[in-house]
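By written order: A, B, C and D. Residues from 1 in each chain.
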């Protein structure tokens, strides 16, 4: 674990250098990395563990906004924001999805800790937002009902 | 009989009053859901691709569709959609937008009919050129009023055939279009049904197709919408861009006359 | 002046007559198109829509304007089609009935041949308290059994209404589930249970 | 090749309001096609937005982000005419970069 982290660090340094000297095209540069373990976690508990969230506080400064009823689970608009100073990371999880973790954001300084996106929901569930500020985790949730629609199948 | 109905309805209304309240907030939340989605309609992505396709030279004739006459002269897009379907002298027929596009793709670009209608309804990994073109062409009429004509005898004929079809009850379930779309403020499950005989309702509905359907992840055209309706109506499959469908579209477009076109929209 | 008026008058009559005589038969034209413009697919066939039965034909033409006499003819003829359960047992399993009420499949061009048909009752009716996604084309059936009671008369009427709604309301929007072969006898019993069984959530 | 994105970047007050629409199927790998065959997973994994070479948003996505993804966010420090570059990479290595000028 320690070893691999160090090699990632090393890699980042080289990567950073490459960027500085413009060896790589700007389109290849991605600071974020797709972590299969957290996105493939089958329960929220497991996903939180993979994200390194062991303790968190429910906070009214974090808001999950959406309609209480979604006409279609394939597209559920969700707006999440944090009023906590120095919020630099956010994760949106749909508790009852087969893989709860949906999307994560890194907010560099100057970017509002507020985003709107659209997620898929397998059915009615709580949608959670976890945010990190000064190394501490805060959370909020909202229940969104997914309805069946229309005539016929 | 009517009196009894009225009476029992009142009783019912009293009985279900708490539930009506709950229902009210349900529809508010659904309205909110739609509002939240309206900002950032993926149909714009289809419009962008459609514009490219409209201007792209296509073999065998190696020409673009920019010479296609949608009724207001070759290449004129502004306001073309709000006057469709219409009678076209060059084919002596009433055509809707999709029929006309196919005509232009065959007659101007030299595609075979099969090529011109291929993938008319797109699916994952198999995007439809027609859906993109329709998204682009219709977007050029945004903000204009629906104004189809039924002055030409063939336009009148299309309208009347469409009207007859609207009321035509058949199939295992005895459904017609009118079964679901001729009364005000009805719902199927939680979906509101539009009364296509009520001008305001017809305008609101007709003038917001084509639309990006979130349930399908594609921009769907009027032909697709009707096809899907008829499937649920337990009718067999209408042939794509057929005379009957154009007739039905003509009937609906006329009922929506004066409605301000606001497509491509975003729908369930 | 007089001459002009007379000419006008005559031309008016003539135009009137002409319009009247050449008024095309749009219904017939539409019917001819149906054969050409539709393709049978799965359980949804062209034959089935082209060959309307007398009720469908009548209700298509006289959609809004029909006389009481015509309506009575329909209800009388449809009442005769009803087949009551062979074992005189009307009530099945409400849990199965709930599944039928939720299921909107059957006879669509996208459905498989010989698949299980649903009743799709929730599309038009409120039935149980828990299902909030219900339509309102038909009346609410919540507490149906509680309100109407459990007796032979209610059973018979409810059965008949599901079997052939037009036995009571000419040109009703409701499908004739039994008569059209959408639901079989066992399925209708299960839907009956959903509506009438005191244990069904409909009556809670 | 992937279709272009639709990016809107509008200065309002001291913040740039960004809206991004992406044409992508976001296939979960859990769905079956008409023949019962699993449709392979195909989804965007990372997306980055840079304003004049400074990262303003960094996103990691899973299969539960909706088809044709939409993102909206705001950042400070932008001016009219500034360049916003958005790039994404999916699990099959497909990538797309588009630029918008702040208006």
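Criterion: contacts are C-beta pairs under 8 Å (C-beta built on N, C-alpha and C of every residue); 3 or more make two chains touch, one makes a residue touch a chain.
These figures come from a predicted structure and were not determined experimentally.
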*Starting at chain C, how many touch steps does it take at minimum to reach chain D?*
2
*Distance-to-centre winner among chains (Cα means, whole assembly as reference)*: B
*asked:* A-B versus B-C: which interface comes out with more C-beta contact pairs?
replied: B-C
*If you average the Cα atoms of chain A and of chain B to get two centres, how far apart are those centres in Å?*
38
*CA centre of chain B versus CA centre of chain C: separation in Å?*
25
*chain B to chain D: how many Å between their CA centres?*
30
_On a C-alpha centroid basis, what's the spacing between chain A and chain D, in Å?_
15
_Residues of chain D touching at least two other chains_ = 66-67, 70, 72
_For chain B, residues that touch 2 or more chains besides their own_ = 26, 39, 180, 188-191, 214, 217, 231-232
_Junction residues of chain A - those touching two or more other chains_ = 74-75, 116, 118, 147-152
*Sort out for me which residues of chain A touch chain D in the complex.*
26-35, 39, 74-76, 94, 97-99, 101-108, 110-112, 114-121
*Using the touch definition up top, name the residues of chain D that touch chain A in the complex.*
15, 28, 30, 45-46, 48, 50, 53-67, 69-77, 85, 87, 89, 91, 95, 97
*Could you pull out which chain B residues touch chain D in their complex?*
39-42, 44-45, 48-49, 124-125, 212, 214, 217
*Interface residues, chain B side, partner chain C - complex*: 12, 16, 19, 22-23, 26, 157, 160-161, 163-165, 167-176, 178-180, 182-183, 186-191, 193, 231-232, 234-239, 242-245, 247
*Would you pull the chain D residues touching chain B in the complex into a rising list?*
3-6, 19, 21-23, 25, 27, 39, 66-68, 70, 72
